[in-house]
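Presented sequentially are two complexes of subunit A, the first with subunit B as partner and the second with subunit C.
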Partner chain A sequence: MAETMQALDLSQNKYSDVTMEEKDRLFAEVKSDDRWEHVLYGCYECGICVAACPSARFYDFSPRVIAQAVAREDTDLVYTLMADSIWDCSQCFSCDRCPRQNSPGQIITIMREVAVKNGLTSAKEALQGYGRIIYKIMLTGTQVSPDMLQPDAFPDWGTHVHEIAENLDDWRKALPPETLHTTETSWTIDDKTIIELYLIWHMTGVMDLISGVDEGLYDIIVDVMEERLEEAGYDDVTFD
Partner chain B sequence: MLHLPVLKADERKHSMDTEKGEKVDLSDAIFQLEKEGEWIVQRVPEPYIELDTKYGRKKKIPVEHTWHHKSCGQCGHIPGYSASIFWLNREFGLDYHDPTDQTSCTAWNYYASATSNPEAQAAVAIRNFAAAYEVGYFPIIHCGTSFGHYKEVRHALVHQPELRRKVKAIMEKLGKPFVIPEEIVHYSEWVMAMKDRIAERQQLDMSMITATVHPACHYHKLIEDDAIYDSEIYGAQRSAIITGTLQALGINVADYSTWFDCCGFGFRHILVSRDFSRSFSVQRKIGVMIEEANPDVTVTHDTGCVTTLDQSQFAGKAHGKKVGLPVMSDSQMAALAMGAHPYKVLQLHWHNTDNKAFLEKLGIDHEQKWAEFQSEVKKIKDGKMEYMSWEDAK
Partner chain C sequence: MAHEKVNGCVILKDLHYNVDNNTWVRVLDDSTVAVGMTDVAQNLAGPLLHAKTKNVGTTRRLGKPIATVESGKYVGPVKSPVAGEITKVNPELAGDAGLINRSPYNGGWIVEMKADNLSEDLSAMVSGDDAVAAYKAKIERDNIQACEQIEGADTYD
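Right after this comes the complex of A and B.
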């Protein structure tokens, strides 16, 4: 049932076209993160993280290789891992069992952020098909919604998704909590709340990040939210 | 797959590791920052119940005056999960607030796509905390990932003055207070704290039920010291969450060898790479539970875990794997024990795996109950009723 993955290329030849300066720059960005000193202390090479890791069972993926690569400051290998490996991580943090107090999962979180921020091809590929989720979370404040339960989106979940989709409006109304009668969001959310969330995305640079990853998505989000801001009377809002 | 013999947990002789507690406890630092004018600490309202955490710190769990930080995945796709939490509060006559001034924590997206950053994530968390503070209720977190993520945010805010400064500036621009709750509380801790009162009100005998438990990774692996442990359960070597609640209801909790493994959710995987989620869930969790423990139900306490363990079984069946195990939350199990309607309150029709045999074992006439629910839906379809109310759900 698991997909067959290509073996991780540890020969360091795969990305020889990328300059060492560029690889150094990206690794330096990873190491400059404020969390860095709390996520890497060394590596005993014991493999406990691998034993606990779900992704290691199904992909050519190893939290130990990642911890070792960054601990040894093997810039070439770190780049290869950023390009080919980090998106396999499940982000469950089972690897936090590390007796050295490393958090390979958090190391990967930082590496992913740097990959996204710098528009690495791997990040763009990993986020293909993910745009609707980002759209949902940034514009509605909830990541998933009842109306996402459609048979074409979840064919592997069987016929019960058809039943839910067919009865969605009525079944939502047949929920006792008053806030759950919604279909486009998971619960009723105030306009003011969405606007505050949108201001947070701007003030923290997340909108710039989206612009770098998916310009089309960025334009849609801005269009929708500017209209919403105007309707709510936020004519002179600044995002600094 | 290699199957190791499972040692009965209650035969093990271990005790709580209390030596590490002082090193990891953030309480003093949180209150010190308040003294220095950095933020407001929202106190746990009385009455509260104290539970032990991993290294022995007593955690205060508020009984009422709670602000329910809902889960997007629960409310969106398994809404009986949240409805059961509210139903329990209402049955006990407790004061609670179900807010509309709440966003999700956005951490599912963060762990899946990295299209955010620590500053944004902390600001989202503090905005929600401020919304709770402004209406005078204490946050209680429904989602395991929100819970774990907010603990990570709190840890970062305590240790990173620059992050605090940035978030404080954002809150000032939004006109909201910079508030941190005294405790980050997960709803299942509230269920655990209330377990004896729930058992006192139990209407359904559950002693014939065997259950397996899956604790959410982001509940007990992120900031592990803040999860609930109990010397009487697993010798305090594993979190007592869910297990303690089910045992109070008289349920036999059976052990299995992949208890620590994740469910296979994977954040991005469940949305865009589900082959991994299905495989891990069916082969490492559901299949192992059935083979080693043959339970009637598996019980968990998080959005992603219920979703993955439940929805993945359809594909597992097509592949001839050992599946067919109903998946429920501890809130649904507690509500069911106290007599909640399986469809009007637990909303089991949103679940995928067939749970009729489980209901029959409990003596519940699921055909009758389904007809009762359908009767309410018909009133909505016919325009005779706009919504089903709590009164209608009795």
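Right after this comes the complex of A and C.
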């Protein structure tokens, strides 16, 4: 049976178990962002943002609903959107053609960041499929690795994806730069770069964000980082 | 060795399971255990590309990672079902992580550990028919898809 598009439930009832104080707090955090005053000016309801939005064609999603909900300061609806709708946006910023200079895409960026910082269930669910990408980028600084190209992950590549995956070492060695003769990372990464990267994660407190959305991922990343930092002489750097 | 299949997933009745973390424990002697991923866990992870175990001598608290497993899109920890020290790691896994997919309960064991307090840790796990019931409930609750058969699943032991 073909899957049908799930209609977005914008009623006030879906998240009635969350207190208004909590919804107010989260919305206040969104509005306190430094970018806030540059992303929302008002809405003519012209629908240009929706017309340009690729996600609106495939999901029950509307950038205009986002802009209007935050403009009306409808705290209840803003929470509902933060828990559901904002994760349907592809962050392509096609909506950045608003005659009032609104940017629904950037409003969503801020809402997503608040959702992640506060460990909202929707953020955990949305990021679940990106675990390995987060793992790669945090530990190696390269976002994707050639060995992600597996038949089970990319069936849409066609039958030859089997051949590519099975002979990945050879394909990579056929590339002229030696730094690309890698399968687990996009390119060879210098030890110095790795250590600097880990020190940046430590100084900025970014690991706290990850522990809020995926504790298991946090554990394995911290494990590797602490080990490498200790080997490099940074015995006193811990993430606990 | 008796086993039962739940939604195609093999559960060996003589092992002890931490159902939440999807790990199994085989008691080797008074304080030593072998640890691995369940059939359910390896099916959820998909065909594994890498399995990196922690080094021998590493001490772990309950729930801390003893290995990291990666498939095309997934990465996750194998969480220690006991508190103690890693005494042996499966040398085969470094070159063949798929062994966990093919033989999660035998060839694909992950580490051996000397547990600090084995009886206490075991009391928090389930085995036998209780394990089968716990997995039935988990598979239903989490809507886990049918396991693709591991090698020799029909006569697995």
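Just so we're on the same page, the second predicted complex is superposed on the first by the 230 of 240 C-alpha atoms of A that agree within 3 Å, B and C clash if a C-alpha of one lies under 4 Å from a C-alpha of the other, contacts with A are read in each partner's own complex, and residues count from 1 in each chain.
As a working rule, a contact is a pair of C-beta atoms (placed from the backbone, for glycine too) under 8 Å apart; a residue touches a chain by one contact, two chains touch by 3 or more.
Computed from a predicted structure; not experimentally measured.
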| task | Return fit or clash for subunit B versus subunit C, each positioned on subunit A through the superposition. | result | fit
| task | Answer with first, second, both or neither: which of subunit B and subunit C does A:148 touch in the superposed model? | result | both
| task | Please work out whether A:184 is in contact with subunit B alone, subunit C alone, both, or neither, and reply first, second, both or neither. | result | second
| said: For A:135, using the defined touch cut-off, is the partner it touches subunit B, subunit C, both, or neither? Pick first, second, both or neither. | reply: second
| task | For A:175, decide between first (touching subunit B), second (touching subunit C), both and neither. | result | first
| message | In the overlaid three-chain picture, which partner chain does A:90 touch, first (subunit B) or second (subunit C), both, or neither? | response | first
| query | After the fit on chain A, how big is the angle at subunit A between subunit B and subunit C, using C-alpha centres and going to the nearest 10 degrees? | reply | 120
| remark: Larger residue footprint on subunit A, choosing between subunit B and subunit C, goes to B
| query | So, does A:220 touch the first partner subunit B, the second partner subunit C, both, or neither? | reply | second
| remark: Once superposed, subunit B sits from subunit C at a minimum Cα distance (Å) of 8
| query | In the superposed arrangement, what residues of subunit A touch both subunit B and subunit C? | reply | 129, 148-149, 154
| request: Please give the residue numbers of subunit A that touch subunit B in the complex, ascending. | output: 1-3, 34-35, 38, 52, 54-55, 57-59, 87, 90-94, 96-97, 109, 112-113, 115-116, 123, 126-130, 133-134, 137, 141-146, 148-149, 154, 156-158, 160, 163-164, 167, 170-181, 186-190, 192-194, 196-197, 199-201, 203-206, 209-210, 213
| task | Using the touch definition up top, name the residues of subunit A that touch subunit C in the complex. | result | 129, 131-132, 135, 147-150, 152-154, 184, 216-217, 219-220, 223-224
| remark: Listed in rising order, subunit B residues that touch subunit A in their complex are 70-77, 79, 82-83, 86-87, 98-104, 106, 108-109, 111-120, 123-124, 127, 131, 148, 156, 159-160, 162-163, 166, 170, 173-174, 176, 217-218, 221-222, 224, 260-262, 264-269, 271-276, 278-280, 282-284, 311, 314-315, 319, 344-345, 347, 349-350, 352, 373, 376-377, 380-381, 386-390, 392-393
| request: In the complex, go through subunit C and note every residue touching subunit A. | output: 46-47, 49-50, 54, 64-65, 68, 70-77, 79
